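Below you'll find the structures, each written out as structure tokens.
Same chain, two partners: chain A is paired with chain B first, then with chain C.
Up next, the complex of A and B:
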């Protein structure tokens, strides 16, 4: 259907539309008009993706000069593929409606592992291996050596692409990962490099967060993307953690040993080159004397995305004299390395700030702050000059040099924690230096600065105002949309007591309490008798799950449950988990019914959907707080309190509730779907916890569903399930939660829609 | 790991041997017969003894070559100087051209005695910055610690006062003790929650770095449902004593908007339209035009 969104003609590839989709598009359009950033929350299963795509594509078509590119960031490969398929549907609709052939280029980009078509390289199992092997076949000097020595193996796909592919742009169309591979095979071009090259002129790019947020990767891939782009972060409820992870560095003894080998190799290579080809080093030296002008010009003319590892100050200056020549730099690295080794020989935990670290390093090994700051850039230059074959081998020294640059650049937002052993195994010495980033805004700042609109969206972003605070940006729109429903298809229940009135809680004091564990068992047992097909149960941690399941086994509860349903368990092992999932689905499919026991923050809670009969009930045992004793977390909480005035408790609760919401949200994946959401902990009934759930769940928690006993919950569930099991046709939804074009355009409906967005 | 000697010979010795060999403070090397001093032996800090040696040499060299960046007319020259220093350290560590280098150092020391003395007390700019940051950090920590201490003291006092009040009351009041105790319990609980709240209350700086106020948001709680007789909207009738004001959506058609500044896209994101402002202005202008004194 064709929609009129605030004066913009939007093609929408379906015959019906949800009212909240319309409202969402309105809000999005305003954000794009204002060229600002937005935070939008809309429940899962209400068609966020297609709304985003159809509006932004329409916007691109209407104002090709205002918005040149859409960068759509998602989390996993299946999600990326799903987005591209939606896009394909949209584009087909466009060409059917307008009769014109499509002139849009849209493509997905993923790692070499997913895109390689080289018969030997693509057979490798791990992503790192594929990257390394690919590099050893395609690096520029390897190819240069081939001119002298034709026996040198190279990748023919890359060769072909390099000689022919760069001249001809990728023809317009929608390319999913498999399409790229097919195209590559047909032409004999390397799909990975083709995709990386093509994103520069593509209209729509779909890839993973890391290509934009991880400074190491962003520098390679996304540096040159146009300023007038719209960036969308989908499923962005975890974006702060992604930012933090991408900036943090962990250094172990093994890293340092590998680094030592790297430095030795560097030294030997320098010796060799000095004997054979001293000119090369001289040239590099001369370039460094001149300074990093090249990079500076590029930054100033605004060609590149800023890189947090390459701070602005160093671009203004030349490399300091202490590390200008290659030997001096290697000596410098050696000293730095020995210093780090000596730091790792601690017997107790050390926590210090970056200035303290810098002072200590100057006292111990006479390393100034300035050369440290240039370390990453200097190493890159050296590696380029030395024409090192396998960059992957040098990951350790690269890591160390990045650490050097970061530690000397940021005096705030980072902390250094050196732990001589892990908390769980205090007898085994395993020293780790955590250089942990506490401020997610550092990693994401270049993105907000560079791109004209950044949209952060997910099904669970409540409370909305915390994201702008921790990411330090100013949104022009913040809105939360509810799900309009023809029938109440979700039923959140807060079970606070057992039948014997014992308060249910996963709090630390009652962790080992048999009464609580037994009541949790009872809850699951009774639910398994009432709920048809699949039940998913989430625990707060693996350890907690193990304890509970063990004592359920002893009490014979498990046996009773198994009379009703089969039981499957998620483990930290990915292969085992996917096996369990497969069997779980099989059991749901053939009517036996099954229970999946899994863990909040685990793989199942984040990426797996349980549509329809795969998840008729989700039970959340306890509140999934993070492990609060970790020093890194403590430091981060302190930082949040001092810098952003976010209270420790607020943040912990926020974090726990967003994970709880993620877990229970697994059950409802659309308007025809239905499911129970059981929060089994009395703490959920408190206003501070409840208030942090997404609005679309909160709306359905009324006073009657707070602090229930197990019996009451079972009673309510029976009632709910019986109601939901009645046939539900599309006609029932029409006009209420599903609209045709005529219905949408009626005055009354437009007024209703205006109320859907809950602006903050 | 034992002790190692610097400068003349870099042998690794265990601590006991060093004590034994150099009882008098100095002695000759057992292998090469060079005279050595006990004080030149140090505890090895690093795994790689060459690094130890290099750091030792570096510290000595830097004591003499302590020019700062402001002693040079340009950054380029400063960098050249730094490289020169680096070269010297490199030579001394790797036993290249040691004699010449030492000579050069001595010469430099003679020539620049004043400057060296002067710079000895001065820190580099970078180090100054670092010191400042450290100071700030320390002050922050100290302040936080003091605040916490004070807070605790205050709470203790309040609690003690409360207890005393109970005792006094028990002494004087004629109410039954159970009632008083119950009252006290309630009061104590209130106090506890109050303290808890205060503990969590951090002094709010309610500005973003951009200068925007934080927390200008509406609570996200769903509005409580009121299940009473529904409120019926009656359009507001205001006697304006003036000609009728055109409706908001009629303004454009009637040409009122022709000379009003069109709303920018930034404005419309917040819900502003030019008709809004115009409508108010027109209302303002029309009201009271026909007003007559009675």
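Up next, the complex of A and C:
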């Protein structure tokens, strides 16, 4: 259908539209008009992706000079592919309606592992291996060597792309990962480099967060993207953690050992080269004297994305003399390494700020701040000069040099924690140096500064106002949308007591309490008898789950549950978990019924959808607080309090509730779906917890279901499940939660729609 | 337990549970009107699914699978699920044979991962009701097995002639099933054998049943309460439309007369009925009269039956006539407000005064009826008294 969104003609590829989609597009349009950033929350399964795509594409077509590019960031490869498929549908609709052939170029970009078509390289199993092998075939000096020695192995796809592909732009169309591979095979071009090259002139790019947020990758891939782009972060409820992870470094003794061998190899290679080709080293030296001027020029023209690792000041300076020659630099690395080793030999926990660390390193081994800052850049240069083919081997030394640069660059927002052992095993020495970023805004700041509009959206972003605070930006729109429903298809219940009136809670004091564990078991047992097909149960941590399951086994509860349903357990091992998931789905499919015990913040809670019968109920045992004794977390909380005036408790609750919402949200993936959401902890009934759930869940929690016993919950569930099993057809939704164009344009409906968006 | 009691009491009013959502005050602020409206609607709520001109499977072979697993002990139907189900089943069996006189029915129970035949396919309601009465005392244990019960029914159903309709109705209380093999394979077999499987769930929607019914062309319903359960069960009384691909053929049938030799006739000799000979001899008695097969003169006391000797289907003409109405169902009456009626406001059938808000009139003869009579005419009479009256008295 064709919609009129605030004066903009939007083609929408479906015959029906949800009212909240319309409302969402209105808000989005406002954000784009204002050229600002937006935070939008809309429940999963209400067609967020297609609303985003159709509005932004329409905007691009209407104002080609205002918005030149859409950068759509998603989390996983399946999600990326889903977005591209939606886009394809939209474009087909466009060409059918307008009759013109499509002149849009949209493509997905992923790692080499997903795009490589080289017969040998693509057969490798791990991403790192593929990257390393690819590099060893396509690096510039390898190709240069080949001129002298034609027998060197080479990637013919890359060669072909390099000689022909760069001149011919990728024809307009929609390219998913497989389409790119097909195209590459047909032409004999490398799809990965083709995609990387083509994103510069593509209208729409779909890729992973990391290509924009992780400074190491962003520098390679995204730095030349145009300023007038719209950036969308989908499923962005965890974006702060992604930012922090991309800037944090963990160093163990093993890293240092591997680094030592790396440095030795470097030393040997330098020795060899010195004997054979001394000129090369001299050239490098001269280049370094010139400084990083080249990079500087590029930045001034405002084409590049600022790299948070390397601040502007550095680029204006030349590499300091102390590390300019190769031998000196290797010696420098050795000193730095020895220093780190000595720091890891501690017997008690040390926490210090970056200036403290720098002072200490200067006192002990006389390393100045300045050469440290150039460490990463200098290492890159050296590796290039030495023509080392397999970069993957040098990951340890790269990590250390990145650490050196980061630690000397930022005086704020980071902390260094050295732990001699893990908290759980105080007798086993396993020293770790955490260089931890506490401020997610550091990594994302260049994105906000650079791009015209950044949209952060997800099904669970409540409370909305916290994201702008921790990411340090000013949004022009913040809105939360509810799900309009023709029938109440979600049923959140807060179970606060067992049948024997024992308060249910996962809080630390009652964690080991037998009565609580028994009542939790009882809840699961009773639910397994009334809920059909699949139940997903989430625990707060692996340790807690192990304890409870062991206790249930002793009490014979597991045996009773197994009469009703099979039990599967998520483990930290990915292969085991995917096996369990597969069997779980099979059991749901053939009527045996199954329970999946998993962990909040685990793989299952984040990435796996349990549509329809795969998840008829989600039980959340306890409130998934993060492990509060962790020193990294404590440091971060302190930082948040000092810098952003966010109280520790607020942040912890916010973090726990967004994970709880993520977990229970797994069950409802659309309006025809239905599911129970059981919060088994009395603390959920408190206003401060409940108020932080997304609005679309909150509004279905009535006062009657705040502090239920197990029996009452079972009774309500039975009733709910019977109601939901009654026939439900599309006609029932029409006019209420599903609209045709005529219905949408009626005055009454437009008024209703205006109420859907909840502005904050 | 204290808080259990009020919960239990509410269930009595199952049918009205959600009514507050539709309640609206009228001008005087009273709720009475809406409550009456709801009552009226629930009366009126009848399944007028007009199949149009389709072929119906008049000769039905139906296996009813009754779940007797642990979950049947649940007390949400009074006194428990099993007793309630069996009672409704008795009514269903009666109704089934009343509406489908030339059809057969068998009952299978499943518990403890096994399936057992309670009664074989037969056309006699008495035997089934007796078996159902006896089954009340069954102990409900273990899990049901969908696979085994379907397999057991197939064993018999697959030998039924192609022109008959093969059906299985499952009353499933449990949410789990314990199967010895992959049920998807069995569903394919069912599909190829053109067995229609319908399910009535007593607790919630189970995925495998959705697939099973969708693939085999049956229906899947989940009950809300006891009255809804009854309604759903009665839906299965009506013969289902057959798929166009099923065979059709002419069937030889015998229409034996009931002959009673008068006691005065000296030649008359009391004799056994063939069907009684098979079953327990305790019921067998020598009788003078009966139905004699027109082909081989075997005697039967009850119809319909398949002759044990020559295999001829024996029915009585009224039986056939009774199934006739399915083919030409009575048209639904049109509803109109009572005020529009010009003539005297009396129901043409019961002669009672028309007090309700709306009346129902036959589209062909225009006679007006009250809602109760409309109900009765469509459910039991299957013909409009007004039309009959005008036909016979010109």
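Going forward, the second predicted complex is superposed on the first by the 760 of 760 C-alpha atoms of A that agree within 3 Å, B and C clash if a C-alpha of one lies under 4 Å from a C-alpha of the other, contacts with A are read in each partner's own complex, and residues count from 1 in each chain.
One rule holds for everything that comes next: contacts are C-beta pairs under 8 Å (C-beta built on N, C-alpha and C of every residue); 3 or more make two chains touch, one makes a residue touch a chain.
All values reported here derive from a predicted model rather than from experimental measurement.
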Touched partner set for A:715, first chain B, second chain C, both or neither
second
Name the contact category of A:724: first (chain B only), second (chain C only), both, or neither.
second
Residue contacts with chain A in the superposition, chain B compared against chain C
B
According to the stated criteria, A:647 is in contact with first (chain B), second (chain C), both, or neither; which is it?
first
Chain B versus chain C as contact partner of A:358, first or second or both or neither:
first
Considering only the touch criterion stated at the top, classify A:123 as touching first (chain B), second (chain C), both, or neither.
neither
Which partner does A:754 reach: the first (chain B), the second (chain C), both, or neither?
neither
Going by the contact rule set out at the top, does A:31 touch chain B (first), chain C (second), both, or neither?
first
In their shared complex, at which residues does chain B touch chain A?
45-48, 51, 54-55, 58-59, 62, 75-76, 78-87, 90, 124, 126-127, 129-131, 133-134, 137, 140, 200, 202-206, 208-210, 212, 214-215, 217-222, 265-266, 268-270
Counting only contacts in the complex, chain A reaches chain C at residues 499, 529-533, 563-565, 588-593, 612-613, 616, 709, 711-712, 715, 718, 721-727
Contact set on chain C toward chain A in their complex:
1, 3-4, 7, 70-71, 76, 143, 146, 175-179, 182-184, 201, 203-210, 221-224
Tell me, which parts of chain A touch chain B in their complex?
30-31, 33-36, 289, 317-322, 324-325, 327-328, 331, 334-335, 338-339, 341-342, 353, 355-356, 358-359, 362, 364-366, 368-370, 411, 462-465, 468-469, 472, 474, 476-478, 480, 641-642, 645, 647-649, 687, 691, 695, 698-699, 758-760
